[in-house]
Each structure stands twice: as structure tokens, then as C-alpha cells.
Amino acid sequence: MNIIEMSQHSIPFLLKGLGVTTYLALISGVLAVMIGVIGGIGRGSKIFIIRMLCSIYVTVFRGTPFLIQLYVVFFVLPSFGITLNVLQAGIGTLAFNSGAYISEIVRAGIEAIPKEQTEAALSLGMKPFQKMKFIIMPQVVRIIIPPLVGQLILLVKDTSVISLIGIFDLIKVGRELAIASGENPLIIYGWVAVFYFVICYPLYVFSIRIEKKLKLRY
Amino acid sequence: MIVKQYLPVFRQAFLNTLGISAVSLIFAFIVGLIGGLCKISKNKIVHGIASVYVNAIRSTPLLAQLYLVFFGFPYIGIKFSPFLTGVIALTLNSGAYITEIVRSGIEAVPKGQTEASLSLGMNYYTMMRRIILPQAFVIIIPPLVGQSVVLIKDTCLLSIIAYTELTRAAEIVVANSFAPTEGYLTSALLYLSICFVLMSFSRYLEKRQKKV
Amino acid sequence: MVEIKNLNKWFGKNQILKNVNLSVEKGEVVVILGPSGSGKSTLLRCINRLESVNSGEIRVGDDLITDPKINIFEARKKIGVVFQHFNLFPHLSVLKNVTIGCTEVLKMSSEEADKIAKKLLERVGIGEKVNAYPSEISGGQKQRVAIARALAMQPAVMMFDEPTSALDPEMIEEVLNVIKDLAKEDRTMMLVTHEIGFAREAADRAIFIDGGEIIEQAPPKEFFSNPKTERAQAFLNKVL
């Protein structure tokens, strides 16, 4: 088969894999942001237990490779009574993994807001929750969007690791096609790379543009 | 306990992980340094090549890059050992990220430094070597340590190409002993110990920099 | 209106405020003067508990601020603060900066809040900047917005912490005029400032603080022309 025939044959399958990748990325991404915001706020909590638990969570998930976390969730948890299927394990682990990095991003964002903003808010009689909701978090959101988008790009790429516990995402489809065809796999992997590029590169450009637009000046 | 039985396997894998990480990091740093200098170059071709390299790597997963090198290269007639394949893939991958780190480091050096150097009559090479790069180096150390942590964790994917690092060791132990808990958790703990040391070091560096 | 008794505050090993006793009547305008590091800003910040105290009592109206059991959030509504560095909320428009306290803390409707805010912004002279953002207006304009923001809460006491120290010289006058205007009304005001001219014109009493202690207090005419203590004399010699 020549290049064009091979491409024509593989692309439909690859697109299905792309669909799985996108699905994994979207669900994990949304969960990761929610976990990250809670974790980031928890890291700064005045209550020792909450602060400690969040710190341990972040350290463990940032200090071990994603693949190992996946293996632990998929192979070790059943011994403790929690059995997840490939999809649940993949999405859950990815969400908590990225959530740890997002916690750090959120925490850095909160710490970047000048102390004076808190003082102005408190002087108006705002309660801590109101201060967070109306004054601190809106500014935090603007500051963290570029590193957050960066982390989400990493999340999209990490979905490929879930293929190693059996999910048929873009890269697994590519791998199976390459094995099945028995011929030069460079074309197939080439298309795999192109598809990842098509999702990730626009995100990267988006983060640069939005950083310029949302820049806050005090 | 199972772990005691397989301790030599884990020990060897631990050393392998550190070994391949160290080698890859050195090469990645060289690549990143060259790449960073290219990216700040005014020469459009040089800048363009560096940009394409960085964008291609950063927009594709390491796993895909690994497959390309390990399964794709044999078809062009080149076959590398798992170790070499790992080093190449990790070097090219981290090299792109280090390119960006070096670039931001250089750009973070105040423009006044360049102006003062040029006013003293220095040429580009001298200015870079004596004034700009030394200052950039101090700035980039924390993110560089961060990237090292990433690279060490990335070595886990080399288990796919049969290089016996910590993850593959865990797989071997689990396959032989049917004790996934001990196998994977030991591996996790060993990774955690390496990364924890590096992450603490990075935090210490950041605190020191903040004081300045 | 404001009563401070035997206030002491330490910062680590340094004693910032030493046995401060101060009383401000309703409608009185007091100016607090002193060298840098004398504790004047800290004193102000203790009054709405932005800083804690080690011992002593602070009373604003009926609220015992130093009592840990009181609802400090309620108490803060009655104390308006204008900061040296304005501290406007950069992500909110000028109008929203002024109304946010009204809608979220005083629970007014947004129409009511908007009406009050627009009137106040007119009064401080920037009615036309209602929809601008803080990054788009000058320092003097920012500080006037900050004053409007504090006034919108209809506080019983207004505190100004060096309101003109961060401004370029040509903008100081516009802000001082607004403050002078407020002083003419029957408002209780406490100002920390270096603007001697303002103190002479608009204040009822000048209070001199040095090293965390109140050294001297008197009506401005008396204080500036006839300081009774050595330290006050030394300070005025440097400043006048």
C-alpha cells in the first residue's frame, strides 16, 4: 500500500480513537479543575487537618508517575474492595493527577493577589466567603488561565497513557493499526501525531491570546 | 515479605531509573540551551526551526514520540537498544521544554543589562557568555529542577520498550508474585522518595530567590 | 464616637503602640501626625481590626472592637477606610467598585445601590467615569473612587490612611478638596497625613505620635504655632 491508501484506510479508525481521547480529556478536565480549585483553596486553609490532607494529596500525586497511579488504582484498589473498570479508573486517576497540579496553580494564584485587596474587602464589612467570591477568586481566575490551559494540554496528552490499561483511544488505535498492517508504521504514527497536534496547538495559542486580554493592572 | 525477595530487582531498577534520567537530562539541557538561543535569535530560519521543534514536541504525547522512535525507526533501518531509544526520546522531549525555560530565563534578564554591555563595546558572544547567560542561569534553576522531576516520572513509560526501570520492575514482580499491592506500591514509594527530595530542593531554591 | 483606652501592640519584640489613650467626639475631625514608623497607620488599622491588639480597649460607637465575641463584620460596616494605595478592585468597573459594598454587604437592591453610587461619584467629581476601569483612570481619580466607595456604606466614622502620599503632586489638591468638603459636614473623621496645610484648615484637633506614644494633642492653630514638647518641636522643624 502506498501512503495515500494507507492514510485513507487508517484515518476513519483514528478518528474514532480521537473521539475517545476527546471524551476522556473533557470529563477528566472538568473534574480536574473542580478538584484543583478545592485543593488549591484547601492548601491555604487555616484548619490544620485540611491543609495537611491537601498537602499530602498534592505531594503524592505530583511525586509519582501517572502510569504508576493508574496501575495502583486499577490493580491494587480491588484488593481493598474498590474495583473500577478501565474507563472509570482512567478518568478518575487522570482527574486526581491533574487536579494536584491545578491545586498548585490555584494556590499560587491566590497568593499572588496583593494583601491590600483583602484589606479593602474586609474594610467594607465583607465576610470571608463574600471576599473570596466577589474580590479574590475573580482576580485569581484571570491570573491562572495561562498555566491552567498549559496543564489542560498536558492532561490531553496524558490520556494517551490510559491506553496502557486497555482503553482504545487515539494512540491505542494507532498502535493496533500499526501492528495489524505490518508495514511502515511511520505514516500511521504520523497521523496520530497530527491529530494530537490539532487538539493541543490551538489550546496553546488560545492561552497566549487570552493572557494578553485578561492582564490585570493594579 | 515479597518485597524483600525482590529487593535486588528494585535496587537495580532504581539505579537504572536514576541513570537514564541523569544521562537524558544532560543531553536535554544541551539541546534546550541550543534551542533557547535559537528561539531568541533574530534569524528567521533558525528561530523557525526551533519553534517548529518545540511546538511539535509540546503538542504530542511522549508515548507517541516513544512509539515513533522505537517502532518507527527500525523501518528506516535504524535499530536502537531500549536504553538508547529511551535517551533519545526523553532528550528530544525534555529538550523542547527546556528550550522554553532557557528562553524565558534569558528574556527575564533586564534589558538594561544588554544595553550596558553593548555600551561597553562588548560583542554578542561576550555579552551572552559573561553577562546575560550567567544571570539567566540563576533564574532558570527552579523550573529546571521541576523539569527534571517531570523527566524522572517520564522514565516510567520506558517500561513499554522493555527497559528495566522502576515501573517495569514492578510489572515483573507483580507477574511473578501475583502481589500487585506490594509491587506497585513499592515502585510508587521509590518514585516518591526521589521526587520528594527534588521538590523540596526546588521549594528551598524558590524561597531563596524570593529573598533576593 | 471612637474611644481608645490603654492600647498596646507588639510586633514580635517591637512595641509599636505604647499605652495609647485617645478619644474622638462625634463630628470631630482629627489629624494624626508623626514621623515614619511612629505607629500612626497601625493605630488606624487596629480600629477596624485589620490588625490585632495585645492589650487595651477600642470602642467605636456602641461596638467594643477589641471584644473577640462581637460580630466584627457588622462593626466594620460603620467604619469607612480610604487607603494610601487606593486598593480599588481591578476587575470591577468604577461603578461596581462603589456599589459592591452596598449590594453584597448592606444587601441593597442594585437599582438603589447604583443611584447612591452615581450621586457619590458626581459629588467627588468623576461622574463621567462611571463605566471606566481602575486601570484606565489617574491616581487622583482612583483615590476619589475609593472615597466614594467608603462613603457609600454610610459609615459613622471615616478613616484616611495617608490618602495623598501615593499621588503625584498635581493630583493631591483634587483629593484634598474632596476631603475638606467632607470635613465641613458633621462627620467623624480620622486622618493620618503629612499634609500640614490641610490639618491647619480643616482639622479640629492635631495629634502627634512618636515611637508609638501620643506625645501631644491640641487644636491645629495651637499645635503648629506653639508646640509644647521637644519632640513635637523637632518634628515640626523638619516638616515646616
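For reference, chains read A, B and C in written order, and residue numbers begin at 1 within each chain.
The working rule: a residue touches a chain if its C-beta (ideal position, glycine included) is under 8 Å from a C-beta of that chain, and two chains touch if they have at least 3 such contacts.
In this text, all values refer to a predicted model and were calculated from it rather than measured experimentally.
**Q** By C-alpha centroids, what is the most central chain here?
**A** The most central chain, going by mean C-alpha position, is A.
**Q** Ranking chain pairs by contacts, what comes out on top?
**A** Counting C-beta pairs in contact for each chain pair, the top pair is A-B.
**Q** Between chain A and chain C, what is the gap in Å from one C-alpha centre to the other?
**A** 46
**Q** Centroid from C-alpha atoms only, then distance chain B to chain C, rounded to Å. What do you get?
**A** Chain centres of chain B and chain C, defined by C-alpha means, are spaced 54 Å apart.
**Q** Taking each chain's centre as the mean of its CA atoms, how far is chain A from chain B in angstrom?
**A** Distance between chain centres: 20 Å.
**Q** Note the residues in chain B that touch 2 or more other chains, in rising order.
**A** none
**Q** Tell me, which parts of chain C touch chain A in their complex?
**A** Counting only chain C, the residues touching chain A are 48, 50, 73-74, 76-77, 79-81, 83, 85, 87-91, 100-101, 104-106, 134-135, 149-150, 153.
**Q** Spell out the residues on chain A that touch chain C in their complex, using ranges where they run on.
**A** 116-117, 119-127, 130, 134-135, 138-139, 142, 216-218
**Q** Give the list of chain B residues in touch with chain A in this complex.
**A** 55-56, 58-64, 67-68, 71-72, 75-76, 149, 153-157, 159-160, 167, 170, 174, 180-181, 184-185, 187-188, 191-192, 195-196, 199
**Q** Under the definition above, what is the set of chain A residues touching chain B in their complex?
**A** Within the complex, chain A contacts chain B at residues 59-60, 62-69, 71-72, 75-76, 79, 153, 157-161, 163-164, 171, 174-175, 178, 184-186, 189, 192-193, 196-197, 200-201, 204.
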